[in-house]
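We just call them A, B and C in the order they show up, numbering each chain from 1.
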Amino acid sequence: MQQETEQGKTMYELLEKLFPICRSITGNGFRESLKLIQQQIPVGMHEVPSGTKVFDWTVPKEWNIRNAYIEDEAGHKIIDFKKNNLHIVGYSVSVDKVIDLEELQSHLYSLEHQPDAIPYVTSYYNERWGFCLTQQQRDQLVSGKYHVYIDSELKQGSLTYGELIIPGRTEQEIFLSTYLCHPSMANNELSGPVVTTNLAKWLASAPRKYTYRIIFIPETIGSLTYLSRNIEAMKRNIVAGFNVTCVGDERAYSFVPSRYGKTLADKVALHVLQVKAPEFVRYTYLHRGSDERQYCAPGVDLPVVCVMRSKYGNYPEYHTSLDNLSFVTPQALQDSFELLRDCIELLERNERYQVNCLGEPQLGKRGLYPTLSAKGSYGGVYHMMNFLAYADGTNDLMDISQLIGVPVSELYPIVDKLLENKIISPNCFH
Amino acid sequence: MQQETEQGKTMYELLEKLFPICRSITGNGFRESLKLIQQQIPVGMHEVPSGTKVFDWTVPKEWNIRNAYIEDEAGHKIIDFKKNNLHIVGYSVSVDKVIDLEELQSHLYSLEHQPDAIPYVTSYYNERWGFCLTQQQRDQLVSGKYHVYIDSELKQGSLTYGELIIPGRTEQEIFLSTYLCHPSMANNELSGPVVTTNLAKWLASAPRKYTYRIIFIPETIGSLTYLSRNIEAMKRNIVAGFNVTCVGDERAYSFVPSRYGKTLADKVALHVLQVKAPEFVRYTYLHRGSDERQYCAPGVDLPVVCVMRSKYGNYPEYHTSLDNLSFVTPQALQDSFELLRDCIELLERNERYQVNCLGEPQLGKRGLYPTLSAKGSYGGVYHMMNFLAYADGTNDLMDISQLIGVPVSELYPIVDKLLENKIISPNCFH
Amino acid sequence: MQQETEQGKTMYELLEKLFPICRSITGNGFRESLKLIQQQIPVGMHEVPSGTKVFDWTVPKEWNIRNAYIEDEAGHKIIDFKKNNLHIVGYSVSVDKVIDLEELQSHLYSLEHQPDAIPYVTSYYNERWGFCLTQQQRDQLVSGKYHVYIDSELKQGSLTYGELIIPGRTEQEIFLSTYLCHPSMANNELSGPVVTTNLAKWLASAPRKYTYRIIFIPETIGSLTYLSRNIEAMKRNIVAGFNVTCVGDERAYSFVPSRYGKTLADKVALHVLQVKAPEFVRYTYLHRGSDERQYCAPGVDLPVVCVMRSKYGNYPEYHTSLDNLSFVTPQALQDSFELLRDCIELLERNERYQVNCLGEPQLGKRGLYPTLSAKGSYGGVYHMMNFLAYADGTNDLMDISQLIGVPVSELYPIVDKLLENKIISPNCFH
């Protein structure tokens, strides 16, 4: 427990370091962020040149920004990118001119119904420039001249992503994907990378059955790029995957299923959520909105789900400056980490076990059954007997858990005892 | 709309012309009726000789009637076939004799609980003679002698049916069957032939994907006869069919499914009914009663359903003289036509579409997606995105409509846009 | 009806004769009981030597007991095996010594919450000795010395079981299993053997479609032993089976399904129970507790269910001296017999029938349909028409019963009429 609280703190500290960096789907902010993560886990950094075709898309030019502000006639910087990198529309081109308020207004973005929030706006595939500000700031603008200044660069460069493969006993893979392309926002999206970093540390701490494929990418274009380079191996090996995002706030858990909701990832996530967070909000695939859009697309068909706290798009702070360091907590990061860890542990333990003999095994001769038979003496081994009744090689642990009404955590020691006594074996033919 | 009301009137006018003719399952009444229909659509007339074996049945002798009445002692025609052809039991043999009331009674049919209605009675497969009259007429009969006179003919002739094939781009067929064997009754059964005639006109007015097999037959023996001559082609080609009957009154729609209710015809009919007439009455196959009895019989197994207004057997006017010209209306004929037309349009448009690329297509570069990404900008293309998410080649339009909660009529323009932009294709392998 | 009451009495009389015998899973009590049954049906007696391996188990030594009691200091036999054979822990080894109360207590078994009941306790696979008594008897014990005396024998002998095969027209089998290893208890377990004996008599009284495999065994080790010798034939031939137990009391019926509840035995039993005893208690396979544990074990997978009155383990008298001759009645034995007989009759009659022609058969020409067609004339043959509609070779009688809402008992005469008229045939390809 002490150790676990430690982990929550460590995750939060990494999040604090990452927070000020101005990231986008390409550029140095992404690289700088990935380097901070490399200090904790050995994730590799990969570059894909601008102009590369990825399925129906093209990797865009690389964008970097040095400075940006709006000055009023008196020379005061009334909007300053250096104070909050959300002030700039992502992928804004350079500008340096004096314009009047009317023209300026057509380049400003604010939220009427959240007057104290700076919105997060981007224009990746159409060249524009623009500033984001609070409605309160906007309402104070007066007629007159304004100096708008953006010093940015849009060039043939590359898209960056991180990849870490942790080999297991089998080539079958569990897939963790998280995105790192947002500027200063905490829940969406720094909670994902820091929880994923912690999951990677925990996974590397002991031998595992599955191989783990863990990636840090820019959203959408990053998942498309990664898929276009790895889809064959991914379709062959991945048995379950999680898009790790929005896992830092303390509100109820959320779940977005895969396209048809029938994959192993769906089964595991629902099983764990129903036990550990039964009040979770169950969305449909119609409410998807992140990289599962690519992973679960027709023809891609990977078994990927989202287990979140407040779902992207469904909390007021989403995509604004209010999604800040005070919105996420060490405890929430810790809890989300543990829930995802439980999903992975269940995947690691999950098998279709088969009893080794015909008829019931004689538990008594192995000390697993009372030798005196009287009314009620059956009770103590009731769960073990029921487990064995359905250990026919067709049901996995979750199926048996449902069939006999016993949580998987109570089945783990039963399985251990039965394996140790050679009463059951994993069914290799399923 | 104006045009549609026109069609309702045209259908009603045809119905009025057909109404006075004395039809039966064979004979000149049927031929005369079919000739009136031939004035509107190029339906072919076919004859099948009496005595022809059709499965477990035999085509009966041909029946024609010239005159029939009952005269009282004073020489008054108290019952006259020329006033209402329902007065005669269908397939009555000739008779010309004077009998007393007691003997007469054993040849009379009336309805105690509908005292002002003449019932519709037939005896196709057992030689009889009889008169039908209202209970009120019957109650006025007094002891005495009566002259019963029927001038009919039962001969080796033929059974007549009409067939119209409208070729489409594929050999796959939509099947429309309607029956034309009832004497002067309007809803059951002249509404069916007139709505079918109008559907045939509409189908011929433009090129179609499917070939249309449209038949006008006597009920039961006609569907058996037609099946016995065409079953191989029908089983090979028909993808959906409708027994068009009882479509002329203004009451709620009714639905009788196919034997197991799982065919494409069931799916289409239920989809359209649920949107356009959600208050429809849903019967089971146990309530069948018309030619679907043959089309859905074991071994025949055609995908045929009934979409009706008041279902045969379930409205008080059924099989009586009360099912007359005032029971059906131009508006009801028009509405029923439109509902069946919607079913057919949906069949014509229905495909299993498949997205042409891996991952989401980049809608933005085709002007189908906003280039500026901010909170809520996704909304306008939400249905298109969801359509694409399930356009994986396994779902037809109706499936996607259910999955994403959008009526097919709203999907048509989305499909058109996506086809035009070559983003999706019909899946030819399903 | 008179005859049926006779059968109830005959069953009860056999039960009364069997009651006093001290049975166990091996030994002369079992043999003596089986010989009483042999007086009524030609069941064979088989012996399997102690030490024989049966799957994961071993046939135990044979146990016989001659005498047992506890004497107080005054020489009074305060507990006497000869008064009630439940007083001895089954498989107790010999003892003959004087001990004080404290030591005695560790060998005594009573039921605190059923102070007037002697419990039934056994220790087959661990050598022990012990006495069972009522809590009232135990509470009267005073400090002092007690003479404990058990004259029993545990030797290399054999396990005994009975087997009766009644050949039918096919090699496919119905399986009846009942156990005969309990000392003086009436519902569990003498009701099973006496009802099974009566079923065997009834089965032998007429030719049958199925072959009947009927066994009288000791519970658990007996079913395992029998399975180990016959599993191949049983898996090949058995289409449905019943573990006949707890069928003698007058309380509500109970049902324990097979492992997944989807076998023909489940279907038949539920069909009959729902019609004849709709208030029956439906348990899950988690509540199993008798030989179905072996018959339905993974890899064995026989279609075996339990149809009972008060379920083993779920009635207060269970496994105590209160499960006595007054707890079971001739009427209950009779009713249970009839319900199981109905299950078997249904199995014997059950087929997937198929109509012999395409389209509806012409019932009229066979006198099965009214020749005059008027409103409502269809009513009398409604069930026959609906039966034919679903007689497509894929539905058995129970399926059609469900589909058309008519009990199988009403379908039997319809089937007979249709077979007689060669309108349907059994479908041999299912």
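What we mean here is this: a residue touches a chain if its C-beta (ideal position, glycine included) is under 8 Å from a C-beta of that chain, and two chains touch if they have at least 3 such contacts.
Note that this is a predicted model, so its numbers are computed, not measured.
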Interface residue overlap between copies chain B and chain C, same or different (over half shared)
different
Please state the rotation angle, between 0 and 180 degrees and to the nearest 5, that superposes the Cα atoms of chain A on chain B.
120
Taking each chain's centre as the mean of its CA atoms, chain B sits from chain C at a distance in Å of 57
Quick one: which residues in chain B touch 2 or more of the other chains?
none
Complex contact set, residues of chain C against chain B
354-355, 357-362, 364-365, 371-375, 378, 386, 388-393, 404-405
Parts of chain A lying in touch with chain B, wherever the complex brings them together
54-57, 89, 109, 111, 119-126, 128, 220, 223-224, 227-228, 231, 259, 285-286, 288-289, 293-294, 296-301, 313, 318-320
